[in-house]
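See below for the structure under consideration.
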Amino acid sequence: MASRTSTLKFFSLLISSFAFFQMAMAGDPDILTDFVVPQNGTVDGNFFTYTGFRVLVGGAPPTAFKVLKASLAEFPALNGQSVSYAVLQFPSGTTNPPHTHPRSAELLFLIQGSLQVGFVDTKNNLFTQTLQVGDLFVFPKGLVHFQYNADSQKPVLAISAFGSANAGLVSIPSTLFTTGIDDNVLAISFKTDVATIQKLKAGLAPKP
Amino acid sequence: MASRTSTLKFFSLLISSFAFFQMAMAGDPDILTDFVVPQNGTVDGNFFTYTGFRVLVGGAPPTAFKVLKASLAEFPALNGQSVSYAVLQFPSGTTNPPHTHPRSAELLFLIQGSLQVGFVDTKNNLFTQTLQVGDLFVFPKGLVHFQYNADSQKPVLAISAFGSANAGLVSIPSTLFTTGIDDNVLAISFKTDVATIQKLKAGLAPKP
Amino acid sequence: MASRTSTLKFFSLLISSFAFFQMAMAGDPDILTDFVVPQNGTVDGNFFTYTGFRVLVGGAPPTAFKVLKASLAEFPALNGQSVSYAVLQFPSGTTNPPHTHPRSAELLFLIQGSLQVGFVDTKNNLFTQTLQVGDLFVFPKGLVHFQYNADSQKPVLAISAFGSANAGLVSIPSTLFTTGIDDNVLAISFKTDVATIQKLKAGLAPKP
Amino acid sequence: MASRTSTLKFFSLLISSFAFFQMAMAGDPDILTDFVVPQNGTVDGNFFTYTGFRVLVGGAPPTAFKVLKASLAEFPALNGQSVSYAVLQFPSGTTNPPHTHPRSAELLFLIQGSLQVGFVDTKNNLFTQTLQVGDLFVFPKGLVHFQYNADSQKPVLAISAFGSANAGLVSIPSTLFTTGIDDNVLAISFKTDVATIQKLKAGLAPKP
Amino acid sequence: MASRTSTLKFFSLLISSFAFFQMAMAGDPDILTDFVVPQNGTVDGNFFTYTGFRVLVGGAPPTAFKVLKASLAEFPALNGQSVSYAVLQFPSGTTNPPHTHPRSAELLFLIQGSLQVGFVDTKNNLFTQTLQVGDLFVFPKGLVHFQYNADSQKPVLAISAFGSANAGLVSIPSTLFTTGIDDNVLAISFKTDVATIQKLKAGLAPKP
Amino acid sequence: MASRTSTLKFFSLLISSFAFFQMAMAGDPDILTDFVVPQNGTVDGNFFTYTGFRVLVGGAPPTAFKVLKASLAEFPALNGQSVSYAVLQFPSGTTNPPHTHPRSAELLFLIQGSLQVGFVDTKNNLFTQTLQVGDLFVFPKGLVHFQYNADSQKPVLAISAFGSANAGLVSIPSTLFTTGIDDNVLAISFKTDVATIQKLKAGLAPKP
């Protein structure tokens, strides 16, 4: 009987431990060891190396705006190290639409081309700049920002650093118009009519 | 000559100290005293009391959505205490438009009426709920969320708590369409035409 | 033999994972996801809603001082969001005895009645105030504070917000006089006699 | 005229910078330099040395419980370093009365004598221990704890470390009974009569 | 079939939970409970007591520099409490070689003897001091520091406190010259020849 | 007379505010505004732009290892944003000597050439890797690490991101051998003779 109780308790605790795993993914604590060891225990130089950006070398430029990320999901060694990268590629005339990163500022380094950038602070001031090769621009934590390659010919390549292993991304167009928020709520919020909202939703809907 | 140098250095340092004051306002450090003493040195029970919400008692309900805040700006004793409040009032049919708080989650407590709420996570999942009196709803840190009083008759009163003395507010409609972001950037970002962007801007522009 | 070792190691690690679950409950880290997913994986609008305060609506007022909490234990979605609530109800002549919250300041919002409040800082200064409906009062982090409904007729209702999902409570009377601290230690500490200590203990002891 | 405005603005900003100095004292931020430079600019080995504990060497033992602190106030180089010390001396039969440290755990190291220690957690569990020379005991953050030299002959010497440059001290007896909290509030809170409260206050009042 | 999938998922999650255990050891989050409960659930006064320093009482002095630690590994109750100790013993003429602690400042308290101490800041300024009994010295976070008992006769005893449960230790001589870093890299870095590097490596190699 | 007192107090406070400025530079607190406003109040797009890396575009490659930094000192808008960059240039056969960053991990992105990298953890394990163009490597917080361009012909260009506005640099060779640490302390610490220490010091001494 005691053993039956133990078994039940065993499974109860086991299930609890599953719950915890998910929380683990959720946690970015200051760590008390040098780094966070992965489950299989094999930690060597490869563990601290990320090769997913090699595709950029000699790769054909994309035909639409494209982001490559090296964050916690792609590069587990970043766990607890509070830093990550993204590489941004802009063909002519493309934008990185207005968005926020909930957990970090972004420090963009322009490698190739010319880029228009901007952000809006919480007092509704718009700050913009046209960057040239070699320039850095910092987008402060949690604010709405965007980038635009206005050049009709030259593509843009930029590297962005973040002070978090998982800065997160809230893309405003898709958040607002592709997730099913009620038309009426959006129409009232944007002081427009439902038809305009539906037109925006249609334009942003995934193509079949 | 030495004295001239000193004087220059004096002013240089003085100016530096101005820079610092502004930073002070910017800082929410863990504090090493019980509370942060204001400049005039008069600290008594009144310093820890905020009376700006008394206007709610017996006041006429507003005719448009209205927010009253008790944050660092209104209530300096919150400095270093990592907590603040807002009171939200929704006449029938009004919304608190999609927005984010860059520095805190929001815990809403519905005091009167019925309220539709929702937020979108960074994987573009929409979570919605219709709250009744007495319900709490938590909007996680940094995510886009909104509230809507769909009832045609009853007003709504809600209290929201934040885990920061200055949670900040990024209102999406005004951030996007009243700050001067280029029409073309917005049209490309929202996959629509410039005319639609201009219509949205016109609708949200302050009335003369 | 190898397999036996593996099995032992398996259980050893398994037990370790139990240890971790308990630590999970203990942790309030800055999170790297939008929210912390619970074990069963069902996350919808209900997960972010807490209905435990509905009992307040139309409920009979309590006959003794009463606290309703919406913290991590009652509302798991608060995990990682650094905010929580308590509702305080004071019949005439009752107190919330001197206490501290080890992990947060408290921001009290007086909804009904008139309330005397006070706290003592680490330099032994007492700050007091008599609040009227609509007033806020902030009790700084970690300091001893109390509230008292001195009105002989009207009950008091207050809402308190905390900048932690689990602010914690150290109630001074029960901590000192109901947990078995040695009479002699208390008598020396309070510069009184053992008889007085025993009288205080008797008064605070749970009634059979 | 412009110059007059400038002058006014100058003084306004200057006054603001005074406000900031007080806040500086209040702040324990993670620092971005190696250490915090004091105002006079003279930083040498002496700045990082504290000699205030030399009085312990060969000094006569005290006749009452005594604390020597090396925290931010006594040793400014600790600013931003998140660590401090206290030395505790207990003549026979004396206590360090129940107290809390709002900003840190305490790690006590018993150097001489035998010491009874205890603390109460937020679930009202009392944990006690009798320490012998060489023992360490950790009092968790923010909880009420006490120490007692029950030995009728030997004095006690202990060193305590804190994980904050200014852990703070809330001494329960003096906080409750020497700061002017209303007798009635205390009597209700401790479920006793006003006479008992007044007796306790009298016993703890400073002797003339 | 469904059950097979469940079983696989079961093991997959189980393995994940192992990964987490290791992370647990890695984490020093601010905790949301009073303390972190160990796996066996037995928490009493002994759990909060560390007796590993009793060997110092009446023990023979060591013949080489020796460190005794009471950190997270030796004393699990320190988990989440952000404080730890080390005891340092220096026979005549011995050093604690240049080293850093990645996660904390060090506050040294000299109990016996006379000690030469020093550290170098990030601007390459050397700060030194000769301490006498009773003196404290703070080594700021993350900087290279050392201690030396220059006295030809008297041993030194010192206690060091850290503002982390696991400050960590990077000993420079062994890090550089006993871990297999390429001779050539070291020779170029130290602007010397390979022979000198090899001589240093030989001197620091563990004796058979 | 009163005015004289005021004047004195004025200067006393003024001096205090200078002390604070230095602390300001020292502080990397979580900020409560969107960004930290500089002293002159002129905040536009240029404030958030750093052009100091333009020299890299078309510039001649350096003849010795060279670091260009964009941290708090060079780019004040990074204040409170917890992110910064460095650009590293390695001619053939050069190293970035063993060093630590006290306040951040480093995430290196190899843009050109082939680079040997390595770090040593606090258990004296050496982790090394040879990186090719496009690879990332993370050096965990506070650990000793180095980089080496072993190629006899091709130069190396790398970009490193840090999760702090001022990661700091402790270069081991110069810290140990150019700051005046006593020869004897170093000889004992490195288990070598004074002559070897003096040879190392001579090699690293600045050339006249």
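Labels for the chains are A, B, C, D, E and F, by order of writing; each one numbers its residues from 1.
Keep this in mind: a residue touches a chain if its C-beta (ideal position, glycine included) is under 8 Å from a C-beta of that chain, and two chains touch if they have at least 3 such contacts.
Labels paired with UniProt names: A, B, C, D, E, F = Germin-like protein.
What you are looking at is a predicted structure, and each value in this text was computed from that prediction instead of being measured.
Centroids of chain B (Germin-like protein) and chain E (Germin-like protein) (each the mean of its C-alpha atoms) stand 44 Å apart. Chain B (Germin-like protein) and chain F (Germin-like protein) have CA centres that are 37 Å apart.
Under the contact definition stated at the top, the residues of chain C (Germin-like protein) that touch 2 or more other chains are 14, 17-18, 20, 27, 29, 31, 33-35, 80, 102-103, 118, 122, 141-143, 164, 168.
Viewed as a contact network, the protein chains fit none of the simple shapes, being neither a path, a ring, a star nor fully connected.
Here the chains touching each other pair up as A-B, A-C, A-E, A-F, B-C, B-D, B-F, C-D, C-E, D-E, D-F, E-F.
Those residues of chain D (Germin-like protein) lying in contact with chain C (Germin-like protein) across their complex are 93-95, 97-98, 100, 102-103, 116, 118, 120, 122, 124-126, 141-144, 146, 148, 168-182, 184-186, 188-192, 196, 199-200, 203-204. Residues 31, 33-35, 43-51, 53-57, 70, 75, 77-78, 80-85, 104-107, 109, 118-119, 121-122, 127-129, 131-143, 159, 161-164 of chain E (Germin-like protein) are the ones that touch chain D (Germin-like protein) when the two sit in their complex.
For chain E (Germin-like protein) in complex with chain A (Germin-like protein), the touching residues are 13-20, 22-23, 25-29, 72, 102-103, 164-166, 168. Listed in rising order, the residues of chain F (Germin-like protein) touching chain B (Germin-like protein) in the complex are 14, 17-18, 20-21, 24, 27, 29-39, 79-80.
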